[in-house]
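Shown next, in structure tokens, is the structure this report addresses.
For reference, chains read A, B, C and D in written order, and residue numbers begin at 1 within each chain.
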Amino acid sequence: MNNDSDIKTPNLKARLAGIVDNTAFNIVIQLLILGSAIAFVLETEPELEEYNVLFLIADWSFLLLFTLEYILRIYTAPDKKAFIFSFFGLVDLIAILPSLVLIPGLGHLPGFHVLRILRFLRVFRIFKATRFILAVDRMIEALGEVRRELLALVILSSMMVYLSACGIYFFEKEAQPENFGTIPKSMWWAIVSLTTIGYGDVYPVTPGGKVFTAFVALVGVGLIAIPSGLLASVLTEARVEGRLEDENENRDN
Amino acid sequence: MNNDSDIKTPNLKARLAGIVDNTAFNIVIQLLILGSAIAFVLETEPELEEYNVLFLIADWSFLLLFTLEYILRIYTAPDKKAFIFSFFGLVDLIAILPSLVLIPGLGHLPGFHVLRILRFLRVFRIFKATRFILAVDRMIEALGEVRRELLALVILSSMMVYLSACGIYFFEKEAQPENFGTIPKSMWWAIVSLTTIGYGDVYPVTPGGKVFTAFVALVGVGLIAIPSGLLASVLTEARVEGRLEDENENRDN
Amino acid sequence: MNNDSDIKTPNLKARLAGIVDNTAFNIVIQLLILGSAIAFVLETEPELEEYNVLFLIADWSFLLLFTLEYILRIYTAPDKKAFIFSFFGLVDLIAILPSLVLIPGLGHLPGFHVLRILRFLRVFRIFKATRFILAVDRMIEALGEVRRELLALVILSSMMVYLSACGIYFFEKEAQPENFGTIPKSMWWAIVSLTTIGYGDVYPVTPGGKVFTAFVALVGVGLIAIPSGLLASVLTEARVEGRLEDENENRDN
Amino acid sequence: MNNDSDIKTPNLKARLAGIVDNTAFNIVIQLLILGSAIAFVLETEPELEEYNVLFLIADWSFLLLFTLEYILRIYTAPDKKAFIFSFFGLVDLIAILPSLVLIPGLGHLPGFHVLRILRFLRVFRIFKATRFILAVDRMIEALGEVRRELLALVILSSMMVYLSACGIYFFEKEAQPENFGTIPKSMWWAIVSLTTIGYGDVYPVTPGGKVFTAFVALVGVGLIAIPSGLLASVLTEARVEGRLEDENENRDN
């Protein structure tokens, strides 16, 4: 029995709600998000400047389709206000707002710098994709369970970055004033080193700075790596608990 | 009692199946895979060019022996069709296909660029080695258990790379057009930074770009490191469960 | 019912203890710590040198307020001596001691190098923030539970750094005497490589050194990453146990 | 009651065994190992060349004391042969063997290159320190429990390094023959990139090479990080089980 055909006189809202929940509809939206993201990237390629008109048409189409989707979702939402102010409602709004300044030609005038920044906000359309990540609820829940530990680690990591920057400033400020002459400058080194990126644009050269870095690297690198290990552990655990709950429910029935 | 001698009139198939399951046979195959991989590497050394003939002979031998092995495996498989289209069946086929273009001399003619690429495909022979990794089944099973979390993390990581590239493009495109002039160019920076490789060929120089990098590095580096922690946790857990199941079976008997 | 107004004649000590435990008081202290840290950073910016007087006033204010807080905490502590020699008591003392050398002008005279170092110690004021990290007790407990494993890993990691430095010295000392000419110099390379920072200021160039690095990198990088994974696992576990204990207590009551 | 004085006529062996088990004796040995390691490092400093005589005396002393310790351990071992061929027995032997070539002056003659390499083997004295790591047994046990997974991950990681090197060779060999001209050269890049060290001495420059690196980095970096997460998980688990067993034993008594 098919839900759509079985009910004899479905009203428009139920019919549209059926569309919104439809797999095909969701795949179309996912492709539109992907297409929009790719178009945004390709637009910046000077070699593709000749296709500017195509990009404009594409952008107008994305705007139109995302606006339609937004209206559809508001219309079919059980609680319209709740949807509009929900995370996904706001994301859907942000996805269409920046494109409203898509007035051709204006974006290239010097006085319209603000408009260009607004157009840049189209980048956040990508957040619409989070709606389709199945495990995202469980992940947010897992995140919530370790929020105190995470907060503590974020504070400790910030303190580590702060103390590292102050320390290296103390050791290197005279040898390399252009790189470590102030603590904000030294912060760049601290971030790049403690995340182990290590571009190599700034590094200590004095013996004191090197010994300090050795100490900071061994302790700080480990500290900053803990949160992702913690999240990984909690995700595994959340998965196990989810499975156990499923099993319990099955046993109870 | 020896399986081979005990049965009085074993047919050829059973006898060959015995060979395929034989430890010595498997060690020979493993050595052949290793030898093939080493030969492939050494072939590229210009200092060893004088031994080209030897490499050709070796390659023909590997082709012959892997072909023999492939035929043997098909012949002794309980379900021939299932084997041919199984992962290992396809790997065994790919291991011999590229070598079929081993016609001496042709590979060096300009018109035979395709042939050279085909010959390069011999690199995938290494996949034959996966057959001998004992824990691989358990690992694939563990991978399957967290496929939803992994998929979610892959999507989130891709979004992180995308947003990082777009953001750094916004901050650095004017200061460093050669490195950050387009978003595809900025993607290279995003990948190298978020994986913490940090070659140092591209890095932000503007204050805005550096502050953005600091934020992206602290969040994104952690996000991209979660999947391997997740897999590690699940592998440990899979091992524990495997042991518990073994114990349960022992107790039941 | 309000605790402060309910009791009719509260003595001064109880009244002050109430202030110290007050949320608003703690938020003020947190803002002071943050302000002090930011001022310390901005003081090093030569562009802000014209505001030197403001920084001096700010520093005197921080000194005054932190001193008041310290006196208040001693006065309201149930055991004064225990508080003074506790971790937080010492941190509070260190937070005000360096500022006592804030005599204007002196810090810039050549003979007062020691004073400038003492003033630099104000950086440790940031440790006052640890008082407000809620999960810090649980984290220290978790740290205590794996102290033997951590100690073992620290010793093994130190051995890894030592052996890596000695090994690379052996391979590279003749090719790059300026970078690997002595083992202490080679230690810098070992730290930067094993923590995977890899600035790129020093790296092996000889074939032997590269093969040695390949081996050391694959083993050592993994070894040095274990402690943070261990701490992450133990933190998750500590959290689970904490929750179980809470549940048990609830059940017992 | 003191064990040493209570027994009236202890034989020499028991008396010596008491010394070997003594805490003070073990601390002395630990200090000797540390001193030997520091001397080995400082010897390479050209600034300290004037103290060469002191280093020679120190080395002779370490040789003498470690030899005495070795003889003592053999003499007091319940099973002499078992001790000599045990891990610690061999380490103790290696710790004294290289110093036997400490004939003054000879090490600096050109014909005594082998001797200098032998003297360099004193670096392995540091392995004597493993005897004093309390958790090392539990760690080796934990390592043994995941040996199959570890072996699988080592094989997969090796395959990843091999395939990455072959792939980047394919893309970059023409653009950068000096860095990627042969697969062994490309292996250096693969190791430095997959361990996320990223010195920046070699990196892809072609679009194909960069896209390939992006793919390899995201997959390979995660794969190579799994073993240390696995070991961390197993160590936590081993600790929990150890505690549970202790509790069970206490309950049974």
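As a working rule, contacts are C-beta pairs under 8 Å (C-beta built on N, C-alpha and C of every residue); 3 or more make two chains touch, one makes a residue touch a chain.
Since the model is a prediction, treat every value here as computed from it, not as a measurement.
**Q** Same residues or different residues where subunit B meets subunit D? The copies count as same if more than half of the interface numbers are shared.
**A** different
**Q** Go through A-B and B-C and name the pair with more C-beta contacts between its chains.
**A** Looking at contacts between chains, A-B has the larger number.
**Q** If I average the CA coordinates per chain, which chain comes out farthest from subunit C?
**A** B
**Q** At what distance in angstrom does the C-alpha mean of subunit C lie from that of subunit B?
**A** Those two chain centres are 42 Å apart.
**Q** Can you check how far apart subunit A and subunit B are, centre to centre, with Cα atoms defining each centre and the answer in Å?
**A** From the centre of subunit A to the centre of subunit B is 30 Å.
**Q** Quick one: which residues in subunit C touch 2 or more of the other chains?
**A** Where subunit C meets two or more other chains at a single residue, that happens at 187, 196-200, 225, 227-229, 232-233.
**Q** Which residues of subunit C touch subunit D in their complex?
**A** Residues 145-146, 148-149, 151-152, 155-156, 159, 162-163, 165-167, 169-170, 173, 181-184, 187, 193, 196-200, 203, 210, 213-214, 217-218, 221-223, 225-230, 232-234, 237.
**Q** If we count contacts the way the header does, which residues on subunit A are in touch with subunit B in the complex?
**A** That would be residues 37, 40-41, 44-46, 120, 123, 126-127, 129-130, 133-136, 138-139, 157, 187-188, 191-192, 195-201, 224-225, 227-229, 231-233, 235-236, 239-240 of subunit A.
**Q** For the complex, give me every residue of subunit C touching subunit B.
**A** 196, 198-200, 229, 232-233
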